[in-house]
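The structure follows.
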Amino acid sequence: MSDEIKECCGLFGIYNHPDAARLTYLGLYALQHRGEESAGMVVSDGTVLRGVKGMGLVENVFTSERLAELKGSYAIGHTRYSTTGSSQLKNAQPLQVDYSRGSLAIAHNGNLINAWLLRDELEAHGSIFQTTVDSEVILHLMARPTFRRFEEVLVDSLLRISGAFSLVILREEELIGVRDPSGFRPLCLGKFGESFVLASETCALDLIGAEHVRDIEPGEVVIINQNGVRSIKPFPETRKAFCIFEHVYFARPDSMVFGESVHMVRERLGRQLALEHPVKADMIIAIPDSGNSAALGYSHASGIPLEIGMARNHYAGRTFIQPLQQNRDFKVRVKFNPVREVLKGKRVIVVDDSIVRGTTCKARLKSIRDAGATEIHMRVSCPPIKHPCFYGIDFPTKGELIACTHTQEQIRGFLEVDTLGFVSLEGMLKAVKGDRANYCTACYTGEYPIPFGGEADKYVLERKTTGELKP
Amino acid sequence: MSDEIKECCGLFGIYNHPDAARLTYLGLYALQHRGEESAGMVVSDGTVLRGVKGMGLVENVFTSERLAELKGSYAIGHTRYSTTGSSQLKNAQPLQVDYSRGSLAIAHNGNLINAWLLRDELEAHGSIFQTTVDSEVILHLMARPTFRRFEEVLVDSLLRISGAFSLVILREEELIGVRDPSGFRPLCLGKFGESFVLASETCALDLIGAEHVRDIEPGEVVIINQNGVRSIKPFPETRKAFCIFEHVYFARPDSMVFGESVHMVRERLGRQLALEHPVKADMIIAIPDSGNSAALGYSHASGIPLEIGMARNHYAGRTFIQPLQQNRDFKVRVKFNPVREVLKGKRVIVVDDSIVRGTTCKARLKSIRDAGATEIHMRVSCPPIKHPCFYGIDFPTKGELIACTHTQEQIRGFLEVDTLGFVSLEGMLKAVKGDRANYCTACYTGEYPIPFGGEADKYVLERKTTGELKP
Amino acid sequence: MSDEIKECCGLFGIYNHPDAARLTYLGLYALQHRGEESAGMVVSDGTVLRGVKGMGLVENVFTSERLAELKGSYAIGHTRYSTTGSSQLKNAQPLQVDYSRGSLAIAHNGNLINAWLLRDELEAHGSIFQTTVDSEVILHLMARPTFRRFEEVLVDSLLRISGAFSLVILREEELIGVRDPSGFRPLCLGKFGESFVLASETCALDLIGAEHVRDIEPGEVVIINQNGVRSIKPFPETRKAFCIFEHVYFARPDSMVFGESVHMVRERLGRQLALEHPVKADMIIAIPDSGNSAALGYSHASGIPLEIGMARNHYAGRTFIQPLQQNRDFKVRVKFNPVREVLKGKRVIVVDDSIVRGTTCKARLKSIRDAGATEIHMRVSCPPIKHPCFYGIDFPTKGELIACTHTQEQIRGFLEVDTLGFVSLEGMLKAVKGDRANYCTACYTGEYPIPFGGEADKYVLERKTTGELKP
Amino acid sequence: MSDEIKECCGLFGIYNHPDAARLTYLGLYALQHRGEESAGMVVSDGTVLRGVKGMGLVENVFTSERLAELKGSYAIGHTRYSTTGSSQLKNAQPLQVDYSRGSLAIAHNGNLINAWLLRDELEAHGSIFQTTVDSEVILHLMARPTFRRFEEVLVDSLLRISGAFSLVILREEELIGVRDPSGFRPLCLGKFGESFVLASETCALDLIGAEHVRDIEPGEVVIINQNGVRSIKPFPETRKAFCIFEHVYFARPDSMVFGESVHMVRERLGRQLALEHPVKADMIIAIPDSGNSAALGYSHASGIPLEIGMARNHYAGRTFIQPLQQNRDFKVRVKFNPVREVLKGKRVIVVDDSIVRGTTCKARLKSIRDAGATEIHMRVSCPPIKHPCFYGIDFPTKGELIACTHTQEQIRGFLEVDTLGFVSLEGMLKAVKGDRANYCTACYTGEYPIPFGGEADKYVLERKTTGELKP
């Protein structure tokens, strides 16, 4: 029931295309699902960097007029989640600055776990911070006075930061892509005629018609300029930690992520679920659209027919006026409506990708029951989520994660379903064909691939600037 | 490929609920798919009727503040399609007037085929028209001076109009629902505690949690006031003519329309398609979401597995900025992206609800081919559309309907698919369990259930007021 | 202190100019002071009438895009005051309709005192009303079926209405101007190359550079078409009743109204005031800008120097956020600030055009006292306003008019000034050079030039449709 | 004709008031004339600083909702001029940052002439710049690592900057006001109950009802915190250089600036003008409102009566749609209309505050001539402007200043007036009672009080960042 997860971020970059701004707009359009709260882009004409940022969807932030003002052949863009509040505009990305070597813009997907330590250190040496975005420390690190070449400075700076970071960086005539050595977040390289493209997911390449060349590797820094595409690997070797939740929920099913089709992984998760938690039933239905692929897999493996038991209202937007009496759960129904004729008198297997808080899930299951289902068997295509993420996914706090505070049987009772089954950790890892040791599963296991001391840096940061982040 | 069809209209009415405005808002929200261009509602507090109308989606037309101003327990609402243009606001519904007996508001779904004749006649007797909506004639007919009671006047007026009309009418303390004697468009009655509800589709009842009592019958006039619900049937008996395209495309799958589940009808259309046009293939995919139910039916009947071969971008809105080079079909790709890993090297059956112009369909099929499908077998869950509709569906003109200008083999060639199959008329009619003689199939057969003389009234109307309708 | 008077309306019409829409925009811009609440225009291309209306200032209602859509060489426009409320958009003018003879648009300045009687009669014969604007009855009168020619119908209709009405009427290829036989509201004729122009005030002619030909005479109907300008006088002779308040406050000082310069009349009012109410003082100051001309006249006649004692904040708009503690009169100060150095220790004569409620006046005088004035002598360039207006000026009700409920000595006490003087009725009439018998002075004398029976029609109208007018 | 001068900036600050945000809003409202292009404020609740900035007028940037979010008792605000362009939002003030000692916001009126040199130096030591506002260097100077106390750092930083700077600075619990040692721009201190206020002009104090305590002195730093108001004077003694153009045009007439009433200074400028350039005429008229005070002075000194010869359209806003034929000067007429009846056949003295480019002036004088004036004697209440300003006034470049390129006789010819007279430098200085040596008159004399080497720093800055400033 991944409604309850705030999105991650989406990155896009393009090198050497006369229509860079509009193509970046398209790229961000395709990556909208990674961040609905703000969007921005910076375009370089070879000399000057110009930017537009705004709160809201890509569609609303960029107008034809604004895009036309962003002249140039080099661009990066960003979609972002964030808490509401107009004052947060300053935190929208890309961040753009002038410093001794010229101009620089940066966009970041992930979360730095040592951002606050670095920020304290940088402030102690004279830096001033204009946002509360962790990525601003990277800019300050890069601006420290030195006799080294730009590339050395970049590497030095990257070696100082720790955590999850996929980055796109724009200079006057250069586009740089970075993926942290653990490779938490995806980043891929595309080719579009004579242009090069960087994007969080391949669906952005598909939309503009670019060819998917390869993924940026964990620990790789790709420098794209007039000399072509050059790659360096400045980080010491470390274990990989691809975020498995990208496959479970985040990424679009039509994307290739970490070398695999997201839809295919989800379909296999559904098959595995059927294997681990078989049950007799008349039909399988998916919570649209997050459960679609896994439900299909469950149907293929079990032979039980898939049915369309819930209809989605495609107009259900983000604002919604409730009637005065609050006791009825309109919010749930405005998005999905059960198809009574399908469900009436039937034993139903309901498949969704994950359970976070459990409240939305409960409301949806109730509406299925109200529509006449006689048995409900809930199947979830990932294990119970029990631990917060410090690498870029905004799960709620431990106390709000239902799997933290309830046993599986208690969750079953809370959801009022007949049976409940989660894919096992092992089962989930089977579904990703790549080396399983390469994945971060910390939200299920609590085993954080990058250790941190004392209280998590993220929360320190949040507490100190509380007023800024949640005014 | 029903992108190319402009929507119909959606109606909602509620009697006796203190939160009438907000519930009407919800009802319209559920009926948004029937008309995206404007929305409006009129609310009565028992004495005064107040209205709000605007261009755009329900979500944008009504704000909390505006709804709060619409005090009262009786309301009707309307969603409408219309050509673009700010000047068209005056044509948004409900229409609301004062006349000798008090105040009156009306909202209409359908199309009157004798509107222009009546308009000419009414103008000749002194009526002035402030809109170019055909429904305005009903108001003028009802305002003619007479010694009769309101109900007699209403009936007299209804007997004068001809064509397709489902109506909701609001008076100070009365709500009236009307369905034309052929029953072209749906209208249903619900109960919500002590309140009564009228709606185009049951999905609107579901959203507010109202119980579906029954459909308003063809030729029925339902008068809801302090004496309860009373029904009269003033029209002479005539053949029924339920619009089968409501089942094929218009209505939401979770609605009951003409006594049947829309999803179930579509599923049966898919089964019938499999029967009529079997083919060997590796998988079936649906054009989301219009082809979903039929694709499921095809899979159930054929045993060929359903796969998710196209991903839908849920953010694809109505405005979209194209890159400068126009040759690439971004519009198609921004909405749907083929899932390459699913399609690569596969023989694919593609199911959609209908083909209108054929151009959008062609572009989507091309993207499936580009993703690696080796064979494409197009299956369409209704017969070829060859005739314009004069009863409320805004198909393009004959010259633009591909089935008018091409043979099926030519269409197959145009779409560049390996095989092409449409459900037969007989097959389609089998899928609706009710009496098949009750359906209007004029867009497939050219047999118009209500004849008209000379050139179609609709086009006369359009031509005469060209400047108004298309400024 | 005429802040407290809602504005009247402004009219503009143009015949035979390829850029009719933009020139009408300019004309309305110049007439903005006559109505701030809504604006609209209708343009004819010889065949079709197209309109745009909206709430707000001319500047906001019309965009370049909208004007560009309004193609044609004939146009009328209107600025209007109205109570707030989005639902009131339907009452914005011009009203535009289709009827048996074609299309018609009308804009009205004034108030019909028999509108409600006519409306009742028309509704009894089948008319339906879509607005609560009194002018809609004129359209219905003109639409009554008849064998007469258009011009006869127009005259018949005009002979039925009673009250104050300056009108501009647009047909496909004809522009008509009407001024009621009493001539309450101004209307003038201009020439602009080969084009003819109608406008409420000459300042609109000045702005577009048109020549002021003459005023439309009371009782005159001017018909402008391909045959040139033709004039008919269908009304029986009656006494004239030019609204003297146009000179006192409404009209712009740079306009010629009723044959005289508004500024010059006001200057003479000031001179008369000095004659009737002399006083020893150090200086004269005006309440800007409504008192400017009269203050100048007072200074010229008395020899006492004029000073600038109050500065105007030119940015003071219509919305204004008050601090939380409401006891301070920010609203008064945000508009005008006394110039302390000028006023300190001085005996000051303060001149304004009128006193309506008295509360705003009191607040401004207090701020002058606070700035150090030792004596304040209030001088008002019209007599006390004691009676409501039924001819188009929206004074508050009797109970709110301070001169209704207080003696002059009580008003002086209420305002806390040392002396108070109003121009006498005779004095005021001396200032207008034309025949004094031609003016309506009902708001001062209660002698209404057009009698009405029973309760005033205007209030009947308001009461009956209360919900509509003030939602 | 000071239309042609872009505005300066306006500053406001308040310490210790529970409704700080709304009072700052009011203060900025009163200072709107000092900058129309953007507005912003930052409010501190003692711990966290929150800000809102936006393009446009104060009225549009701040809504009730936004102000309600800005909780706290300490605030600073800013109104600013700037070139258009959405990307310029980042340059709106106050600038707000976090650094090692906490949070800091700053707003600046004036222009630093060594900003670019400092910026280069700071970037060389690792600073990154997020705006192109010269004031950002102050923040970076203050953030340099050091063991000194805040106050010492502040002083150090202020000693590094050169040029014109009035500043308001906000810390968590402290409000600081600074005026450069020459005192170019005004800044005053007010008291409002237990609160202290800083403002560019006293009219802002008047609006909120605060008492004007005194001006901040040149070279004074006022520190307002829980210990009260403390003042330090860290700058070496230097000659004063009050901007005389504040009196000539910028400041509101109801303000006290540099110890004198702006209106009174202007009135004396008018008197001096009468003395230096007497002429026989029938009347004096002012260009409203910039020439009002001087015209009054001219009238008082000469005995020639003041008349109202031009009416101002109070609705003339910033956007304005021109008719298609561009040859007519609608822009001039939409703002002012000559009063024909006043001017016809008269010899007229026209008084305005200054002539910059001369083109607007010429158009207005032409409209006076067209209205029938037989003689026009132009009188200008300041000397010819011949030199650019580097201290905060955005005059056009030398080539565009008419007094740079034309002799006075040529200007007279260009304006097509009978005589032309400017106040002499000596005359102008007589009108300010204070020590004349204290004023900057560089725009008239070219004697810049603060010398700079090579090309002016301001233009270097502008050139280097051209793309940013004028995209």
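Think of it as A, B, C and D in the order they're written, each chain with its own count starting at 1.
Methods note: a contact is a pair of C-beta atoms (placed from the backbone, for glycine too) under 8 Å apart; a residue touches a chain by one contact, two chains touch by 3 or more.
Every value quoted in this text rests on a predicted model; they were computed, and no experiment measured them.
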| item | value |
| --- | --- |
| Neighbouring chains shared between chain B and chain D, ordered by label | A, C |
| Interface copy of A-B among B-C, C-D or A-D, judged by whether over half of the contact pairs recur | C-D |
| Chain centre separation in whole Å, for chain C relative to chain B (CA means) | 48 |
| CA centroid of chain A to CA centroid of chain C, Å | 60 |
| Centre-of-Cα separation between chain D and chain C, whole angstrom | 37 |
| Where chain C touches two or more other chains, by residue | none |
| Residues on chain C engaged by chain B in the complex (per definition of touch) | 45, 47-52, 66, 69, 85-87, 95-100, 104, 120, 123-130, 132, 139-140, 143-145, 465-468, 471 |
| Partner chain B, residues of chain A touching it in the complex | 18-19, 22-23, 25-26, 29-30, 32-33, 36, 57-59, 62-64, 67, 203, 206-209, 252-254, 256, 260-261, 263-264, 267, 289, 292-293, 296, 299-300, 305-308, 310-317, 319-325, 328, 330, 333-334, 337-342 |
